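Labels run A, B, C, D, E and F following the written order; every chain starts at residue 1.
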Amino acid sequence: MLRSDGRNDDVLREIRITRGFQQWPAGSVLIEFGNTRVLCAASVTEGVPRWRSGSGLGWVTAEYAMLPSATHTRSDRESVKGRIGGRTHEISRLIGRSLRACIDLAALGENTIVIDCDVIQADGGTRTAAITGAYVALADAVTWLAAAGRLADPQPLSCAVSAVSVGVVDGRVRLDLPYEEDSRAEVDMNVVATDAGTLIEVQGTGEGATFARSTLDKMLDLALAGCAELNRLQAEALAQPYPGVLPEPKPRKSK
Amino acid sequence: MLRSDGRNDDVLREIRITRGFQQWPAGSVLIEFGNTRVLCAASVTEGVPRWRSGSGLGWVTAEYAMLPSATHTRSDRESVKGRIGGRTHEISRLIGRSLRACIDLAALGENTIVIDCDVIQADGGTRTAAITGAYVALADAVTWLAAAGRLADPQPLSCAVSAVSVGVVDGRVRLDLPYEEDSRAEVDMNVVATDAGTLIEVQGTGEGATFARSTLDKMLDLALAGCAELNRLQAEALAQPYPGVLPEPKPRKSK
Amino acid sequence: MLRSDGRNDDVLREIRITRGFQQWPAGSVLIEFGNTRVLCAASVTEGVPRWRSGSGLGWVTAEYAMLPSATHTRSDRESVKGRIGGRTHEISRLIGRSLRACIDLAALGENTIVIDCDVIQADGGTRTAAITGAYVALADAVTWLAAAGRLADPQPLSCAVSAVSVGVVDGRVRLDLPYEEDSRAEVDMNVVATDAGTLIEVQGTGEGATFARSTLDKMLDLALAGCAELNRLQAEALAQPYPGVLPEPKPRKSK
Amino acid sequence: MLRSDGRNDDVLREIRITRGFQQWPAGSVLIEFGNTRVLCAASVTEGVPRWRSGSGLGWVTAEYAMLPSATHTRSDRESVKGRIGGRTHEISRLIGRSLRACIDLAALGENTIVIDCDVIQADGGTRTAAITGAYVALADAVTWLAAAGRLADPQPLSCAVSAVSVGVVDGRVRLDLPYEEDSRAEVDMNVVATDAGTLIEVQGTGEGATFARSTLDKMLDLALAGCAELNRLQAEALAQPYPGVLPEPKPRKSK
Amino acid sequence: MLRSDGRNDDVLREIRITRGFQQWPAGSVLIEFGNTRVLCAASVTEGVPRWRSGSGLGWVTAEYAMLPSATHTRSDRESVKGRIGGRTHEISRLIGRSLRACIDLAALGENTIVIDCDVIQADGGTRTAAITGAYVALADAVTWLAAAGRLADPQPLSCAVSAVSVGVVDGRVRLDLPYEEDSRAEVDMNVVATDAGTLIEVQGTGEGATFARSTLDKMLDLALAGCAELNRLQAEALAQPYPGVLPEPKPRKSK
Amino acid sequence: MLRSDGRNDDVLREIRITRGFQQWPAGSVLIEFGNTRVLCAASVTEGVPRWRSGSGLGWVTAEYAMLPSATHTRSDRESVKGRIGGRTHEISRLIGRSLRACIDLAALGENTIVIDCDVIQADGGTRTAAITGAYVALADAVTWLAAAGRLADPQPLSCAVSAVSVGVVDGRVRLDLPYEEDSRAEVDMNVVATDAGTLIEVQGTGEGATFARSTLDKMLDLALAGCAELNRLQAEALAQPYPGVLPEPKPRKSK
């Protein structure tokens, strides 16, 4: 039984990774998981937040948001509501945590990288697309910092990070759910993994249902295979040259 | 190698469940996981939020908060800061989702149950203690609604829900982490399970580290055994009579 | 004397208009004025805000925002700051007012069109690009409503609307300023005009300087010529078929 | 004519004072006035707010709040509403002011004591219970600071502080009103007094009624007698040893 | 010993009451207590807040605020800070409560009167000046409602209300403190009284000091005499005709 | 055809300028354009905002607000709503920008002048009255700073600034619209000009209509004549001595 978009249960949607989408940020990546499109921008600033200052460690954080026009029915703007919703907070924290698992903050030196993940179009799996694209933007920002001679150590990235959703729909375990499947899934899981096959984050939720441990195992199988494929596509994209003008090496001012 | 509090790796802290802690809410439970103490109160109101009105379905939601004096160093009050933090949002949503997995909202009828989980003292595992205590408060609130003749169906609860933390500390997989272990855990996982042994939620996070799938398996073993023990203690507590005065059956007004 | 991008004083940057950029909104247009890129999405909802309800009139409003990664130096997210800045408010109001000048709200019937103008990349003139793109998105939304049989009158649009900036830079009156010129302009003016050559809005400001009335006249000459050229490009873009699937005519429910 | 709980007009409800209720704060007191239960925690931090820094003076402040589940009908959480209500502000300020009247801030040295008064259960008189309990928590915090060798002077407390409500109910002047009486009182007064019999604060309000000066005099008689009894119970509680582990004397770092 | 402005201890500052200060509100009074100037405007709206609707009772409420330029050093605008401070809340509630003590809300009928007390210039005693002026504005608003035929009963006002501050300065009990005295007063009290000599509100505070009951008695003597004089001046002002055009009697629509 | 208040199309309402309206601010001016009354207060503080610190430049900014009782129907207080509306923001920015066009911020030295424009009574044209009055208050504040010896250069003001509204009502171009005309104007324009006849700001808006360039020209003619008359009245007012006590020259502390 094929899915409504013709895929087998264990197949990802079409993935597209476009580096250099914007001109100002050090890394700017448009990632597409089928109709889901997320713009992931990595902005570099010298220095770290005050609570971290003087530690010699860098900082990586993320902010996730959705354009009002990204969803089937227009959603209200959080800036207009004057507060950030729980879901937004939760996903921003997940992205930041996932990226910090792959970077040595001492090697980064006292630089801050903020990754903005703005959903241009939503069709399920926006948070996993965001993590997968954010890693590529982060890698570009690291290349930029290396060129500028601002890293404390030449290679702060210890692994690549990707993420994918998996769930139980119509009683079948399926990979990379579009909105149509996600909205009626009995179980919904997001898995963040490294290109070494280890796990960074596992979040599985029964949606008004509970699930057996054997189901969890099957979902992990599919998700890890999906992440491996995503890692391959990230590597392929990053094999191309940096999509912009790299800065001249400018040694940091000693204080 | 024993843990600093003398427990084996697979043993829960001392658990105490006190029903009827407050006099006004239909359910009010003080739950203690060692030094962690959470007050879980289930308040019943007739009717449901507007977006759900007329559906015939009830609603269960939760709000988690910490007293400023609950933590080792006093924490700022979120009401004073004027906004709820990401962590608070995330835990409130987790508790609500976990409880909705065990209740038939059609059987509940158009009633709302709000579960307030206020941490009186924090020593690790506040969210899992909150879920475990909230289930007992919810069960009392259901008993109260049944006595009042306000349920659409006599038994809306389909299972019991408990939760426990598990993690990797000093390279060992350990159950029910106190703050001292939690703060230096390499991997941290929260598992919400039913008394049928099925899963409701699994959230595992590498804290600046990644973890192998085999570690995930060992953590699940310990967590499920811990949840089963918690279910036994919940049942024991609920075997006592309702700790207050039940209302007279008052059939709901037809509209 | 040519400008740094090689243009003459009275020439627009390269303008690109891409209809159907997103799949959900009734109108979705990416407009580019050189490196300035704004996504203009027109979302349709049935009914009007409460204060207008029952009047028989429709409503058109706009919200302007900038992605944090759109600017040279990353800007803070207004949703995170918890309040919308004065500049954002001002531009949102300007866009809404400009569009309402070209639409007969009685002919629109009790429908609301919200135009979201999200700046993807900023290089000067974002508000004028937003207005020019928003008109095209609005026209698509009107086509969509007409196909759905939801208009009170078949042709609610009375004219086309475009906007352009003009300013005094290095003592010369110039059209369509990029950021590099805008940031050092002595006088800055935004003009919103119709394809009939009439004015909707004129906002001229001396930036730490004052200006003679004769300068105002020269700026208006250039701006009106620029708007005429933008009107031509809008018409050209709208001459193509609707970039999506139009709804079936579904007569509105009588109440 | 006895009151509904069997007391005479001039008798306090049953008062219970439990020191050492929580483990982290320097002072933590659960105080009960009948069914009203307030947790008063005194947290110590080194240093003072910026506006006071370098003055050599310490600072004492208070925050009052109610658990949502404390009231007969659940009340909304102020953190969720995003703002603190007028009543909460007013009571917080009253508690802080009352405690500052009994402490020599120069003797306290540049330390800050924050007193959190969280109402666990509300049955009238929460603000007066809070002040009475807060004084005991403050005394414990001072003992803690003395043990740590952090006071500028050994005895900063100049007197003890207690508070009680008094009102006119059914035409009779009554002491320490429970909610049932408070909600229908014609006049309502809160009196804060010292163990020397002097006054710190007097707040009397006609609730939709006015009152004669002679009534004010009778209310003051009852209130001052009630405060004297509360002072006796505070002294009795504080005669027990400090309910926790006192710190070693650690002389403050000279700067 | 005279005070710095030459008054005896028991003498009010020069009081001026100007009715009809603004043209739109039904009552608009500028009241001056020496250099303290407060604009008190009573605005009438048909209907009552939702929680009171259908009760047949009217509603009177007050809002107090200070112009940024009213104080010696400019104070920040609360609208800019995005939240109302505790002091503002407290005073607004006091004014509203004081006025509701003198009006029969059933006689008012389902009308709302909002009294805005905006301090134009602050020199001590702004809250007592506000209450005294607000009564006059309220009386004018009642006259306006009577003329419009919108009262449920012809005379809803049961008494006149005035207020004055009193305090202990330099060891002497003094009436109506200007800022220079208020800022160094050992005890500070505000008294709200009726023209029948009864009390509505008594708020006495030791400012870092405590006070004897005999001092309280002396302060009340002075305050009540001061209120009587204020009542006389209110009556004198209200003896003049209504300072504007009264509406034609328009019987309220039956619903 | 005369206007409803008897004026010809090109005549200003009666203008009154009262200096020294409040006692604390360095400049305090009540300006009246007919029934529109705005209190403009210029407060001086030493130093500049942090982002400007050390530049040697001063800062001038403005805040505009309306008393709730200033409008025909009472308007809600922005401090109570917890946020400043778009219109308020827009006008505040306009006033600040207009005043900065006439002052040399280097000559001002590192001083900040905040101009508070609080509308006491609104009858159209509040923003133009605010700008016109704010200039007079600014001039007084500059005189005050000069007397105090705190200016970097003796004459920082380069010109005088005034503003007036102009519009198309009933098909006729009219000057200085009261609310009755403003609310039904087809075109509405605000012009800010200097006493040298040059322009600072021009904001013209078609209100649901568009306008020809020839109409714009006629509006400018009227507005510039109106501004010239306002400049004359400002000069007349400022020809009187400073309405208060000037400070003694106190040279600024060298750092």
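Assume contacts are C-beta pairs under 8 Å (C-beta built on N, C-alpha and C of every residue); 3 or more make two chains touch, one makes a residue touch a chain.
Bear in mind the structure is a predicted one, so any value in this text is a computation, not a measurement.
The fewest steps needed to get from chain A to chain E, moving only between touching chains, is 3. Common neighbours of chain E and chain F under the contact definition above are absent. Chain centres here are means of the Cα atoms, and by that rule the chain farthest away from chain B is F. For B-D, the equivalent interface among the listed pairs D-E, C-F or E-F is E-F, as over half of the contact pairs agree by residue number.
Comparing the residue numbers each copy contributes, chain D and chain E share more than half of them at their mutual interface.
Each chain's centre was taken as the mean of its CA atoms, and the one lying most distant from chain A is E. Centroid to centroid, with C-alpha atoms defining each point, chain C and chain F lie 30 Å apart.
A separation of 50 Å divides the Cα centre of chain D from that of chain F.
A separation of 30 Å divides the Cα centre of chain A from that of chain B.
Within chain C, residues 82-83 each touch two or more of the remaining chains.
Going from chain D to chain E and on round the loop of contacts, you meet the chains as D, E, F, C, A, B. On chain A, the positions that touch chain C within their shared complex are 22-25, 28, 35, 39, 41, 43, 45, 63, 65, 67-74, 77-84, 88, 114, 116, 118, 120-121. By the touch criterion stated above, chain A contacts chain B in their complex at residues 83, 85-87, 89-90, 92-93, 97, 100-101, 159, 189, 194, 196-206, 208-213, 216, 220, 224.
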